[in-house]
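Common to both upcoming complexes is chain A, partnered first by chain B, then by chain C.
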Partner chain A sequence: SCRISSDGKPAKFQPPPKPIIIDRQKQREERRFLSPEFIPPRGRTDPHKFYIERKDMIQRRKVFNIPEFYVGHILAVTTADPYANEKANRFVGICIQRGGKGLGATFVLRNVIEGQGVEIRYELYSPRVQAIEVLKLEKRLDDNLMYLRDALPEYSTFDVNMKPVSHLDHEEIPVNKLQVRMKPKPWSKRWERPKYNIKGIKFELPEKKMKEAQKWSQPWLEFDMLREYDTSKIEEKIWKEVNEELKK
Partner chain B sequence: MMPIWTKSGKKHAVTLLKVQDCHVLRYISKEESGGKTSKLLVGGKNASPFFKSESAMKIFKEAGVPRKQKVATFNVTDDALIKPGTPLYAAHFRPGQFVDVTAKTIGKGFQGVMKRWGFKGQPASHGQTKTHRRPGAISTNKAAKVYRGKKMPGKMGNIYRTSFGLKVWRINTKHDIIYVNGSVPGHTNCLVKVRDSKLPTYKDCNKNPPFPTFFADGDEKLPEDLYDKEIFQFTDPSVTYA
Partner chain C sequence: SITGACRAIQKLTRVRVVDNSALGNTPYHRPPKCIHVYNKTGVGKVGDTILLAIKGEKKKALIVGHKMPGPPMTPRFDSNNVVLIEDNGNPIGTRIKTPIPYILRQREGEFSKVLAIARNFV
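Up next is the complex of A and B:
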């Protein structure tokens, strides 16, 4: 704009507005994801053993791509099967649990096929697994969705020929705050008890039952110092190591 | 313990054993020991030389080796003798061999008869007075005595036991690690004696083992990892069935 303003006097110099730089590269790298099976469990084993196991895991990841996924994602897994028609077996389901550490890490996929609920446990590093595709990225409120067994079957049904939903790399993974409705009691586990700490169920039980369930709460557990296992430093070290190896 | 997969897709559990600073300590001839074969004393993990008497340190001083935490005897034939002081490595074993592993089992302390010997005990209810985990009768009327070796409560565990016929799947020469099939007696990080299997089914199993042992300064240059031919190596693509 002109320096001379409308009254004729020279106006004070207004510097131009600073440009806002959105560094896509930096934003993308900021989200660090370390697969939970890399974190060694607390115990007396030699840390050297975990280092050797990690080398094998990284070697497998170089050859076969294991995508980043959490509990609540919808995955499609193709495994080699000697008894199937095409010698390959494809299963689509929601990941309800990720367990195991090191090479024996597993995840459980659940789906309801023709009215029958089916859960299959796959090993991440098994050589029979041929492809893992993430169809829908969606985190849920809990880490363990085992309560879907006692929920209404509509919450566990997913289309077998579902198209993968696109997801940009730098965006955060959306959290689905769905509250699931349950079948009438009895359930396989008493999910209302505080030990399971489930936030994703819409409990339609009477107030009296909910209060009675709180009797089993153990409020001293969160202050127990011997149970603390701070993994932040270990995670950083392992994340750096894994990333360096994978880039080679 | 770790999983490994074969080329057909089957999973096996495997124990990792590390060969940590093993040296040959002494040679005992047939006449000296009074047995059928001559013996070689081999020492394991390094330990501090202090708090030990001079007589105990004599063997290590003669071999020129730091004090070892565990010393084991191996019965050896006369053509397989090794000079005391030579280091032993994991490459002494090859994948496809069968080994026996001996170690002290996990100590469980003083245990009752149900845990120690697997007795059935007595029912929990229906009128039992103060008797639910007791041995019951210990002998007959005619014997009029209790036989020696009667199974009774006592200290359980912390004794030497061997698992026979374990297959060696993989050897890591850089870190000296042997991958042995199945489980092995003892707790994590305990000291273990590994020996060629003496089961009759595996008598002719070892084809061209390194004899008498693998020498690191010799001409043989081994790759970092030695695999059995049936193992699935992670550098290969995924398994498919034709």
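Up next is the complex of A and C:
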């Protein structure tokens, strides 16, 4: 039967809408993540040393899966411990810092258990770690969450038995723009000073203190050419190399 | 505490008593302080015994956690934790709620009674 519009005349032929094809494979490849410990530090050491180290790192990654994670993710790490029950020790916490380069790359997990704040530094490539699970994918506004030590303990408490929050592969990692409230001063470091450049704290200090902290700002550092270290080209080379090796 | 970066435990460090003993939990106008570390170096780490001055009395104690970062894979606590102990190694309290590092299990012989009253391990 032909469609009749309100005028009584037959309606113009409308072709069906084209199906929208979302190529998930392409989107996944487009989002490149190279773990920061692969990027060699700036220095005068022979690049061959980093090449050999990278080969060892890739060997370890083939045997043991190290997931992609950033500072602010909630991880659960099981390590082999001769003194623990069932020889395995599980710790859940928020990643507050990622340091070290090459095989000595570390990350620090923090959690508050029974009112006591605990931080553990784990080595990514240590044979003692048996499993790293990402429970919640969530980036924060800063690269370094050391200020959580001086924040109210509610911001560092995470349930030890929390279920992993599902995350689709192709979606972008959400950024949590949480502004953390701090304990009263004194803090372990003067986080209001511009050298730390922290955006994730809700400073409830008087305006006078904030202005006084700006006295220590060094605006010329941004333009210092000797401190520049452009890693984009190095990253691309290493990314290709690492991908080829992992696919073998 | 008011001091800045606190390292491992030595003489005159203020500590936090973690068990549920009466000596450790009754309030006093002075915090419990370390007056001697039973160690060749004067620095106490996890598993060392120290002498504590609490409420005008001297008492031995066992260090179960400090603010100083130790070897990787070991926990670092936000306060210097200590468990009150007798001269023969018997703990005075009956329960320890705060988490204790697994490293102490290495010296099961000396600390078996303390580990028996501990609830959580890290």
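Please note the rule applied: the second predicted complex is superposed on the first by the 227 of 248 C-alpha atoms of A that agree within 3 Å, B and C clash if a C-alpha of one lies under 4 Å from a C-alpha of the other, contacts with A are read in each partner's own complex, and residues count from 1 in each chain.
The rule is simple: a contact is a pair of C-beta atoms (placed from the backbone, for glycine too) under 8 Å apart; a residue touches a chain by one contact, two chains touch by 3 or more.
Owing to the predicted nature of the structure, the values given are computational and were not obtained by experimental measurement.
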*On chain A, do chain B and chain C fit together or clash when superposed?*
fit
*A:114 contacts which: chain B (first), chain C (second), both, neither?*
second
*Check the residue A:81 against both partner chains and state whether it touches chain B (first), chain C (second), both, or neither.*
both
*Which angle, to the nearest 10 degrees, do you get at the Cα centre of chain A between the Cα centres of chain B and chain C?*
70
_Looking at A:235, would you say it contacts chain B, chain C, both, or neither? Reply first, second, both or neither._
neither
*Contacts of A:89 with chain B and chain C, given as first, second, both or neither*: second
*Pick one for A:245: touches chain B only (first), chain C only (second), both, or neither.*
neither
*State whether A:128 touches chain B only (first), chain C only (second), both chains, or neither.*
both
*asked:* Contacts for A:149 in the overlay, against chain B (first) and chain C (second): which applies, first, second, both or neither?
replied: second
*Nearest CA pair across chain B and chain C in the overlay: distance in Å?*
10
_chain B/chain C common contact set on chain A_ = 81, 123, 126, 128
*Parts of chain C lying in touch with chain A, wherever the complex brings them together*: 2, 4-5, 65, 69, 72-79, 81, 97-99, 102-106, 120-122
*asked:* Help me check something: in the complex, which residues belonging to chain A touch chain B?
replied: 43-46, 48-49, 52-53, 56, 59-60, 63-64, 80-82, 87-88, 102-104, 123, 125-130
*asked:* Touching residues of chain B toward chain A in the complex: what are they?
replied: 2-3, 5, 9, 11, 16, 18, 172, 175, 177, 188-189, 232, 234-242
_Of all residues in chain A, those that touch chain C in their complex_ = 79, 81, 83-85, 89, 91, 106, 113-123, 126, 128, 149, 186, 188
